[in-house]
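For reference, the structure discussed in these notes is given below.
Letters A, B, C and D name the chains as they come in the text, with residue numbers starting at 1 for each one.
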Amino acid sequence: MDKMPKWADVILTPLISVLLAFAISALVILAIGENPWMALKTMVTGALGSSYGWGFTLYYATNFIFTGLAVMVAYHASLFNIGGEGQAAMGGLGVALVLLYLPLPHWLIALPVAMIGAAAFGAAWAFIPAWLQAKRGSHIVITTIMFNFIAAALLNYVLVNLLRPVGSMDPASARFPDATHLPKITDLAATFGMTWGEHTPVNVTFFIAVLACFLTWLLIWRTRLGYEIRVLGRSEPGALYAGISPVKITVLAMLISGGFAGLMAINNVMGESERLVLNAVEGAGFIGIAVALMGRNHPFGVFLAALLFGFLYQGGGELALWTSIPRELIIVIQALVILFTGALDNMVRMPLERMFLSMRKRGDA
Amino acid sequence: MVDSGRAVQGIDSALRLMTPLLLACLAGLYSERSGVFDIGLEGKMLMAAFSAATVAYLTGSAWIGLLAGIAGSMALSLIHGLASITFRGNQLISGVAINFLASGLTVLLGIKIFQLGGRTPSLEGAARFQPIELPLAETLRGVPVIGDLYSNLLSGHSILVYIALLLVPLTWWVLNRTRFGLRLRAVGENPASVDTAGVSVTRLRHAAIAICGVLCGIAGAYLATSLSAGFVKEMTAGRGFIALAALIFAKWRPWSALFATFLFGLLEAIANQYPNLDLGFITIPSMFMNALPYILTVIILAGFVGRAIPPRAGGEPYVKER
Amino acid sequence: EPALIYDLGGKFDKSFNEAAFGGAQRWVEETGGTYKELEMQSEAQREQALRRLAETGANPIVMTGFAFGDVLNKVAPDYPDVKFAIIDMVVEQPNVQSVVFTEEEGSYLAGIMAAMASESGTVGFIGGMDIPLIHKFECGYAQGFKSVKPDGQVLINYTGTTPAAWNDPVKGGELAKAQISQGADVVYAAAGGTGIGVLQAVADEGKLGIGVDSNQNHLHPGQMLTSMVKRVDNAVFDAFTAGDALEPGVKVMDLAAEGVGVAVDENNQDLITPEMQAAVDEAKAGIADGSIEVHDYMADNTCPVE
Amino acid sequence: MAEPAQHLGGRSATAAPAAIELTGISKAFGPVQANKDIDLRVERGTIHGIIGENGAGKSTLMSILYGFYKPDSGTIEVNGQPLSITDSMTAIRAGIGMVFQHFKLVQNFTVLENIILGAEDGRLLRPALAKARGVLRRLAEEYQLNVDPDERIEELSVGHQQRVEILKALYRQADILILDEPTGVLTPAEADHLFRILEGLKAEGKTIILITHKLREIMEITDNVSVMRRGEMVASVRTAETSPEELAELMVGRKVLLNVEKGPASPGAPVLEVRGLKMVDDEGVERLRGIDFDIRAGEILGIAGVSGNGQTQLLELLGGYPEKGSTVSGTIHMNGEPLDVTGTRSDARTRRKRGIGHVPEDRQTEGLIMDFTAWENIAFGYHDKPEYQRGWLMDNDAIRRDAQKYMEDFDCRPRNCHLAARNFSGGNQQKLVVAREIERNPDLLLIGQPTRGVDIGAIEFIHKRIVELRDAGKAILLVSVELDEILSLSDRIAVMFDGRIMGERLPSETTTGELGLLMAGITDTDRHDPAEGIPPEHQYVETTPEERV
């Protein structure tokens, strides 16, 4: 019954869209007087051309997977969680408190405990907007935006006044104990005698992120809770008819969402900086929105979109570091990719559909 | 503790701070009442701020700058319209993309033009909108109360502030008293009703989005050529999102938008005046005073504002044939 | 070939990154040499940037900002042959020069000038984010002010709690206006791009502003009392000039070393009365001989005059 | 309207030009061919019926005529003149008005605003509003089309909303009026009223095209009738020269039983006992004012009533989801055990566990999740059943197996459980819901408007299954605005008016006239009389509304 084969919709459309985005980006690069081919080469080799580049690409992707999943889960319940930024920041606080104040002898023990801390703090930060939405009808978009600002203020206060070691200029917590440092993938590779991605921040959290994608898929499409979340997202009267409590599901969905956003802290706070710094989230919460929407609210899509953004982030970083192209170019490229694959996708899809339809007609005839 | 002079100054400051919010909020109102969600207000304002400042600097005229600001914002509106109306794409994604685009392009172009790291040089004289004195402001200044209110508070703002304030009744009138307004509201509630009445849904929505572009353009120009004297990267600093919050807060109505944005402006002005609120037993640190407007917004929202029901067709592209 | 790494604020932050850039440019002009420069994009890149520069043979590598401290501690030992210089932070490694500025001293002088220029007895201070470094400025300023006008008042505001706090001239302007409405007639801005808005508003209102980091007196001639210059440019210039002979250890850029100071030029000399100049000179001498002790906020996270 | 030109091309010189002449209209939605090479001729001044199964393409054809969809091919002539209708404005200018199956009204606009939308003539609203008010008054007198011009649409009953749609068309001086399933949402009285209006319009020389699933209406009012099947026009005949049976066969392609075959009931023990049930909604309006009734095993209790008299609230309350913010009191017993009427254990999930199945009145927003696949919808409301769980996960295979089986049993077409619910026709959507609830074998089935908008083939089927369920000894509460349906399915009939049960009748001993009076709130003085005819086992304590207050 479909207008075109599924593979075309899933692969061809986004592919052409990305190509279009890059074509326009090339024009922008030309316009600012730089060489697009050289820029592309720098980006690709910088992000994907070596295990070193991959190490960074995957590190960023890990962040985006978590925030993307966060947005995605809420979106299935028809809740637009713009608060990933604040929730991830609070997740970082959770990680820092756990690692600084609990005696955790080994990373294998520290990891699950820190994960609980991260998820709990992220979820707690999502809880109030969720509860207000469910009980009082306060629009979750506003409250989550507000909670981003409030989280920033809280973190600013805690880091400057409570967690900062005396005499340190840096508004950051002390370093976490050595025992709690997560193994980098470099270290794992080394145990197998391989050299892979020396000095890159990607760490075991990446595997947790991949696992999270799979678990989220199970959650949304294979569990009762996921079913109920999706029902509520499609129709509130339907949920009531089926005996699903909108309050309960709204709160649960946001707790899971906030938990995922919080879990990002495992990667950037515990895995990379190994201490809590101000603005550790660096906008990953907002990129999560783009990742989830572009990933069509499917964990596999989120994974791919996160990789794409990881690539853009690292490739763009390389571009900014080693060429005279300003780092803002990469934001423009990101914007174009989001625009073409996410919002202008019909521009590509419609002619494709027509093409496949006429091909089928000819086949029938 | 709160003397009247300080109160006047607070409200005066609130007026200035609310103006970009109000303009952006009304911009969003037109767009969203027509059924097109717009989280790209921030980006459009930023783009407008940049183009207004750039052109004002190059021409030395704030008015030409304003036009350029409107043009810059309109260009992004056009993209939003193309994506979410013509090609029926996802309006939220398009908005996110526009925010990114503006954030990157402004700095990129700024560097290309001025080599100042994305800043524009400072604007002076006619390149900025200067405060204007309302008639009789000087004469009335001595008169108690009225003088305070009229001469100190109402008078002495840039022309754009008055434009923004006048846009509130104008918007109300357009929405409720004109053919365009009727159709605009209808297309946001049930586009099929407009379509079957023989009116083009697409054209109406494009028109609404264009108005949104104009208003965001004024908002951005106000930021860069009136409130401050030039463009600094990311200078909108989240005001587009606050305007969005105000829009929801105002339940998509113009007079309530005035109230909501004034409230936000006032809260910020108060936080500015009392950076460290000393309650006697405890001093609230600056971080929390800075976050006060946001905290109070949540409290007000939870306590006094009921469910906000968006325009029914909002966020959904109008598709006749699936 | 030396290298310079800017912190996240970027090269043109109207603050110390820009000052660092200025120093490097001066070095280029004077020596005709070339240098590498990098702008950070994310926290995770700090280590990447340091290592890549070190591996490509850059020497010395200068970085601006305390945020590099942690990473440098980790990276420096891996490249014993490379010299590093870090600004605003002490990193104790054999191949690292730590350049610290006594911002409190420079700000102290600015405070004296503000107090003497102020007719109302109330002056203002506007910082970007509420972080320790900015408190150093604030505290020195307040001490200088109180040393002249013990009963006067210093109004203090911080712009915000997100990185936007450094790039919000609109808010800066409003804060300045709020302080002015409370009587402030001299306002000191230590807030990066936000400061531009502060100084603009102060000039618009016909009051006096004090710039920071680089000499900002030219922004509003006649309306800028002075600028508290922090000679990051000198630090960078010196480091570049020293090349791989860069001396490790802590380098204190204080008043005596002309690391900090108040700028007087043709844009503001009309505002500087002889008494003011005398008071500043006296304070300078006092600080130099230890008879005046300017408290460093960082020593105990408190400020004696607040 | 310009007078049509009289040149008639090749047509017989005696015939006046047709109001509408469609030739070779085709329309495809992607791969779906909704209209295939359709010809249709509608004579001026007649009422022309169009019938066909769900999804036959009726609405599509009319939407093309109205300029809502663009045809892929074919030509349109209006009053003998070829016309290229590219948008609705062209159609309106040509004198065509259309009342859509799903109304195209702006819910939070007033009647007046809806009327003038698109016909404001002028940039400002004030003159248009004043003019419309006048025209409305005149139309109201002329056709008894009374509606309060300042009422908001969302406050109006569907019947009144439809009047607004008709007024919209008349306000635009429509000469040719298309009505797509207008009676689907009307009570018999309202439908009669509508037909009187249509007769009046016809008498004035206007042309009317009427789409309906009800053959009775076709026979009653139309002059000609066209039958569509699977996108094609299969027949066009004079109504006087055909019969319902013939039409039904043309439509479905097989013989259809137009009346329910049902043996006598053999009621058992009471399954549901409702006493003093009251409900006040969040605006303080009393929706149920003390309802008492019983339903026994093996009987169908039909509730008749004009919609908006509390039937919806009753069903939703029994189903476990009274309106948000409402307060409920009274008692309900299910198989002798009390059911919570408030609190967390009064929800729909608990009700289902207690053996209550529910086919809601509104299948599209409550009964189905339109974006879900058919198999996901088969588990809807039953997704927490143990047999659908496998450890922590749901056993989707088990659900799909059930779905496949139910769809076989209920002859849902297409027989593809992976298709989204929205891709099924209305009739088949309804079959999905009914299948899901009936196959669960509930002790009590609540069923609201089971056949609204469903074609006669599907109606026959659904009715048969309801009767089968009764014969299996289950209790059924049937709510419908279709008196025919109530009369032919129920074993007992209760009539609701204004939140009360006005009285009870046996179908064999009452008439539509009598029920109609009760539905209008007019009680007979001797209200206990009919009960004498009820066999003793059917009798229950009946109280008057006054006693219950």
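Going forward, contacts are C-beta pairs under 8 Å (C-beta built on N, C-alpha and C of every residue); 3 or more make two chains touch, one makes a residue touch a chain.
Here is each chain with its UniProt name: A, B = ABC transporter permease; D = ABC transporter ATP-binding protein.
Here the structure is a predicted model, which is why all the values come from computation and not from measurement.
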{"item": "Chain pair bearing the highest count of C-beta contacts", "value": "A-B"}
{"item": "Inter-chain centre distance, chain A (ABC transporter permease) versus chain C - centres from mean C-alpha coordinates, in Å", "value": "36"}
{"item": "Euclidean distance of C-alpha centroids - chain A (ABC transporter permease) vs chain B (ABC transporter permease), Å", "value": "29"}
{"item": "Approximate Å spacing (C-alpha centroids) for the pair chain B (ABC transporter permease), chain D", "value": "46"}
{"item": "Shared-contact residues (touching 2 or more other chains) in chain B (ABC transporter permease)", "value": "118, 238, 285, 287, 290-291"}
{"item": "Residues of chain A (ABC transporter permease) touching at least two other chains", "value": "149, 152-153, 156-157, 160, 326, 330"}
{"item": "Residue numbers of chain C (touch at least two other chains)", "value": "10, 130, 161-162"}
{"item": "Contacting chain pairs - touch in the sense defined above", "value": "A-B, A-C, A-D, B-C, B-D"}
{"item": "Chain C partner contacts - residues on chain A (ABC transporter permease) that touch it in the complex", "value": "56, 59-60, 149, 152-153, 155-157, 160, 164, 166-172, 175, 199-201, 268, 272-273, 275, 277-280, 282, 313, 316-317, 320-321, 326-327, 330"}
{"item": "Residues on chain B (ABC transporter permease) engaged by chain D in the complex (per definition of touch)", "value": "176-183, 185-186, 189-190, 192-200, 312, 320-322"}
{"item": "Chain B (ABC transporter permease)-touching residues of chain A (ABC transporter permease), taken from the complex the two chains share", "value": "28, 31-33, 80, 82, 128, 132, 136-139, 141-143, 145-147, 149-150, 152-154, 156-157, 160-161, 286, 289-290, 293-294, 326, 328-336, 338-339, 342-347, 350"}
{"item": "Chain A (ABC transporter permease)-touching residues of chain D, taken from the complex the two chains share", "value": "30-32, 319-321, 347-352, 358, 360, 362, 365-372, 376, 379-381, 383-384, 389, 392-394, 396, 419, 423"}
{"item": "List of chain A (ABC transporter permease) residues in touch with chain D within their complex", "value": "1-3, 218, 222-224, 227-228, 230-231, 234-235, 237-238, 240-245, 353, 357, 360"}
